[in-house]
Amino acid sequence: MLEIRMERVHHAFPAPSGRWVIFEDLNLEVRPGSFTVIVGPSGCGKSTLLRLAAGLLTPTAGRIRIGELSPAQARAARRIGWMGQQPALLPWRTVEGNIRLALEVNGRALRPPLTVEELIAMVGLKGFERAYPRMLSGGMQQRVALARTLAAGPAVWLMDEPFAALDALTRTQLLEEVERLWRAFGATVLWVTHDLHEAVRLGDEVVVLAGRPARIRARIPLPDPRPRTDERRIGEWVERVRAALMGGAR
Amino acid sequence: MLEIRMERVHHAFPAPSGRWVIFEDLNLEVRPGSFTVIVGPSGCGKSTLLRLAAGLLTPTAGRIRIGELSPAQARAARRIGWMGQQPALLPWRTVEGNIRLALEVNGRALRPPLTVEELIAMVGLKGFERAYPRMLSGGMQQRVALARTLAAGPAVWLMDEPFAALDALTRTQLLEEVERLWRAFGATVLWVTHDLHEAVRLGDEVVVLAGRPARIRARIPLPDPRPRTDERRIGEWVERVRAALMGGAR
Amino acid sequence: MSPMEMELPRLRSGARLAPWVPLLALPLALLGWELIVREARVPVYLVPAPSVILSTLWAERGLYLQATGVTLGEAAAGLALGMGVALALAVATAFWPPLERAIMPLVLLLKAIPLVAIAPILTLWFGFGPLPKVLMTALLTFYPALVPLMTGLRAVDPAALELLRAWDASAWEIFRHLRWPSARPYTFAALKTAIPLALIGAVVAEWTGASGGLGRTMWLAQTNLDMPRLFAAALILAAVSLAGYTGAALLERRARWWSPEEAHP
Amino acid sequence: MSPMEMELPRLRSGARLAPWVPLLALPLALLGWELIVREARVPVYLVPAPSVILSTLWAERGLYLQATGVTLGEAAAGLALGMGVALALAVATAFWPPLERAIMPLVLLLKAIPLVAIAPILTLWFGFGPLPKVLMTALLTFYPALVPLMTGLRAVDPAALELLRAWDASAWEIFRHLRWPSARPYTFAALKTAIPLALIGAVVAEWTGASGGLGRTMWLAQTNLDMPRLFAAALILAAVSLAGYTGAALLERRARWWSPEEAHP
Amino acid sequence: TTPAPPATPTPALRHMVFMAGYKPQANLPFVGVYVAKEKGYFAAEGLDVEIQHSTGRGEHLQLLMAGGVQVTTQDAAVLLQRRADPGLPLVSIALIGQRGQQAFAALKSSGMQTPKDWEGKKVGYKGTPPPDLFAIMEAAGVDRNRVELVNVGFDPRVLVQGLVDVYPLFKSNEPYLLQQMGYELVMWDAADYGVPTLGLTYVTSEEQIQRDPGLLVRFLRAALKGIEDARANPEEAVDIVLRYAPQADRGHMRFMLETELKDAESEVTRAHGLGWQTREQWEALYEVLRRYNAIPKPVEIERVFTNELLQKARGR
């Protein structure tokens, strides 16, 4: 199980006039095997944070560690599971082919949690194995991307709004599956979402990011036992997170 | 104000083996100037329904009318505002340029509700006028697409999960703006969402679609006065819609 | 909505005409050509009438068939070689982009030396047989294939690239899974460009110093000012080019089964 | 994370070498050429050493400068005409796709007729001046530009196309706002292909009978077996091609300001 | 369909186009025109002669027939062939080359001496084997089956590089180039084996003769005067040639001019003057072509040439 640590991270993008500073002195550490949910207003830097953690972006300053490793080393060690904000399916591969891609590229992966068939069943796409992405609805595409991310059993999951295109029912079902897989495999998870219900159902902790440059406005630990089914308590936590979000308004 | 009517609509896609029948004898009519929210499980046919209404797809059988007009005629009369499930911004245009596109193409549009500047402010992108899409976060892109759709003041809004990539706070703010614009301009709206809170805040009626072929499982009228702020009543309605959705599970 | 209601946009894109109507363009052009030549009494040593060309073609079909075989062989080999080299270079630049700056000056230098100047040197090195012709065909073919291939191998979906990078996919994996399939429309553009050029290349290579092929036929015809024979050979060339082009286009459609008619990958 | 840690993937894509290193390829190639020619005592009438070529070039710089001017003018005009025609045809097929089936047979027929057969007709119509050369250059250039342009104008984002259709955008609006900008990478591929071909085209056109230009210089040199002069002209051609290509590449980078380095539009 | 005439220097002059049948060099009919132009002989005849050059692929004949060119040059044998097929109404108005332009050559180092030595060797031809090749072999008793014929195109380097043993060349041209490369040659000229051959002629069309014979007379008078000048003062002529052929090598042009001046003289010219031609000469050439199947259709010899214009040019 790997911890994620960001120390004094600074990041800026070149922009039409000058630079856009997204992070200035960001510090975050996440326990090995924990499930951290990141929420925050649109455009505050959640996706950028995940990109930094994956080593897809290099911070302009600061230090990031995945366990003992740099993000690049963690990637090289096939520790990273990445689910971007767009499904990014390969249009020339079928549903099955897209999921298999994870196995083909991460051939060295240690522990595929489920077979491709099981994954397809899990995301509710049985019968669509041989369909091409253009034949799928937005939510179906997102579910394929989810299955693909989990297929190789990565140790660190970097998930950017993985349920954004899903309906409440599908969301609830998948939530349970994801929680089960996470617990079974001890992955360390960074999970971006806008759905506060989802956030408090899944998170060991909810990190509220806001502002420009973005700062951590609140870290809300959720010590509840799992699975969390007490709708009343969930509602309470949602309200706590919402309050933190509203407080940290742009 | 235009009514939307679908009569005995049948639609099927060619698929790897045989055809996928999405709609079989679908009937739906929507009052002029009403706000109809469509919810349903991922992949049930919500986007397809909007495409049919816009005339982007031709039903394999049945009849669709926008007021007196066929979808193609309604499009030709610049009645249709379209917001697809992806932002589909033109990467070579700035935020402002993308929004202006609606005015350039719908030059004949009758009543632009707000200036481009006002729209940019409304979607919270002041300061980003000259940014290109690739410099924007997912939620920012979606807000540009929203502004673009409303820019020309269409009479019929066909909106496919317009808030999917937005956080709760931004969502709530935009919700109010959208409601205001809709009421001011008497548009007839078909609004697809997975957020039931959003659904009951906005809808005159929530249509629950489910099954394969998809059928209308429930039509839940929401006679409440607007703006709807009574969180308790909203919660009740959410539960009613959720129950209908769960009942109509695949 | 009845199907009729879709016709407005359809009409606009003109898809209502039967699909064979545009195919009439060629016969109509030939007819027009025939009429002009006859009415204006264009002398046969300048531009022969299609009827004359076709009767020449028919009368000497055996000879033309044989010559076509020779040229086709050289063109096919040259095309394979030229596309192969173009692909190899494009792939190399995909793996290591700065290579473009190393390759292009050399490529353009090679392109700048006219074939007619290279031909004798190749003949001196490789004799009078088909090999120099194949090499010249490859030389003529590879450049118009190289540029689209290089462009295509870079035209990838950034989100997919990000995914593969997150997986630490090797350059080879990125190539295999993303670049190569993404470049497909460019690859077919390159192929469709290269096919007619390969045939022309073979003809130019045969122009002097060949013992057979359409190029030699054309050279003989030109030196004898025998335009019907020259144009007969050109007609064959055009037909073969068209067949090749059409074949490539069909192949392209099959190879993009996963894509909507109008879309990038 | 220190910048060092990013080096693993960077090394892989080779970006660590200074950007001018690949530019050494050309001088190195010339040096190698010089050495081989000297060591193997290759006779000058086969392949001259670069030093000999360069001193010829320098000695007759006035003549070469003038010839370059003539050829450059023809090439530029031919390029403009050829790209213009290619663009017009590609745009026409974008508005009405079945047109491709009408155009391509005619285009391929035209391509199949050798320039030597076309040249006298052009001379008869347009005299001995530069116009026939411009036309021949255009003929040689337009085909390799046509195919990528046709492909590019179809490579549009389906979601954006859907949006424009929902707005009932006219074919012209779809072209202007979507197809044309979407085709940009293909357009630049076409341009980068066509620039060197236009120069070669002008040379080949002059080869068929001109009173000036690099093509004529090369033809005279070739018939006199004067390889230093031939290669001197080729060197100029290569340099001009490279300049044009580089210019197009820079323009491309500027014209795609909105796009990440690696991505489709 | 006449090419647009360029701006005439003196409007009074009559514009016409002479197209040399090949690139600018010291082929004698070209030299005559260059000299006449440079020394004002054309202007003195009231002519403004525009000089163009063909690439030698036949376009000069096409342009002549189409009226874009009034006079050009052509090898006599080719003239007969084009007269037969595609039946161009070409007419030779002055035969400058009284002997054929081509010969066959081998490297001196090969040790070959007579055509008999060709047996077992590779003999090149340019495009199509010329009748002189077969005529020489027949005259020298060479076994045709023992000679391998190879299409070598137009590049004498194949000889020095050993791709062929015998190479067909233009006597006034390639020998010089090969000597410059440092090779000595043995040459075999068909004329030396009793094979009748002819060289370059001034050519026009029947239509042109009918339409404006006076123009041709004036052209011939000036051009022949140019040739006479070249004979009298070859150095000056070479200077003039070099104005038209800036890249040419002076020694090369001098060699070419001298070779062609020699071949411009024959029994016939000694009797009738430069450029004269007889029915016997043309018939003999025609017979050779027929014998070796180098001409597909019969030709009316009396229509192939005329001395009438030449006579008028002389007698004023």
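Chains: A, B, C, D and E, in written order; residue numbering restarts at 1 for each.
Rule of thumb we're sticking to: a residue touches a chain if its C-beta (ideal position, glycine included) is under 8 Å from a C-beta of that chain, and two chains touch if they have at least 3 such contacts.
Predicted, not measured: the structure shown is a model, and the values here were computed from it.
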{"item": "Minimum number of chain-to-chain touching steps separating chain A from chain E", "value": "2"}
{"item": "Which two chains share the largest set of C-beta contact pairs", "value": "C-D"}
{"item": "Mean-CA-position distance for chain B and chain A (Å)", "value": "27"}
{"item": "Rounded Å distance, chain C centre to chain D centre (Cα mean)", "value": "16"}
{"item": "Cα-centroid distance, chain A relative to chain D, in whole angstrom", "value": "47"}
{"item": "Chain E: positions in contact with at least two other chains", "value": "57, 62, 66, 154-155, 157, 161"}
{"item": "Chain C: positions in contact with at least two other chains", "value": "9, 46, 124, 157-158, 165, 168, 222, 227, 260, 263"}
{"item": "Residue numbers of chain A (touch at least two other chains)", "value": "55, 76, 86, 134"}
{"item": "List of chain E residues in touch with chain D within their complex", "value": "1-4, 6, 23-24, 50, 52-55, 57, 59, 62-63, 66, 68, 154-157, 161, 177, 181, 245-249, 252"}
{"item": "Touching residues on chain B, where the partner in the complex is chain A", "value": "13, 15-17, 20, 39-43, 46-47, 85-86, 124, 130-131, 135-140, 142-143, 160-161, 164-171, 194-196, 242, 245-246, 249-250"}
{"item": "Footprint of chain B on chain D - complex, ascending", "value": "157, 159-160, 162-169, 173, 177-178, 181, 184, 256-260, 263, 265"}
{"item": "Sites on chain E touched by chain C in the complex", "value": "57-58, 61-62, 65-66, 81-82, 85-86, 88, 127-128, 150-155, 157-158, 161, 163"}
{"item": "Chain D residues touching chain C - in the complex, by the definition given at the top", "value": "9, 12-15, 17, 19, 21-26, 29, 46-47, 95-106, 108-109, 111-114, 116-117, 120-121, 124, 143-144, 147-148, 150-151, 154-158, 161, 165, 168, 170-171, 182, 185-186, 188-189, 192-193, 196-197, 199-200, 203-204, 207, 218, 222, 230-231, 234-235, 237-238, 241-242, 245, 260, 262-264"}
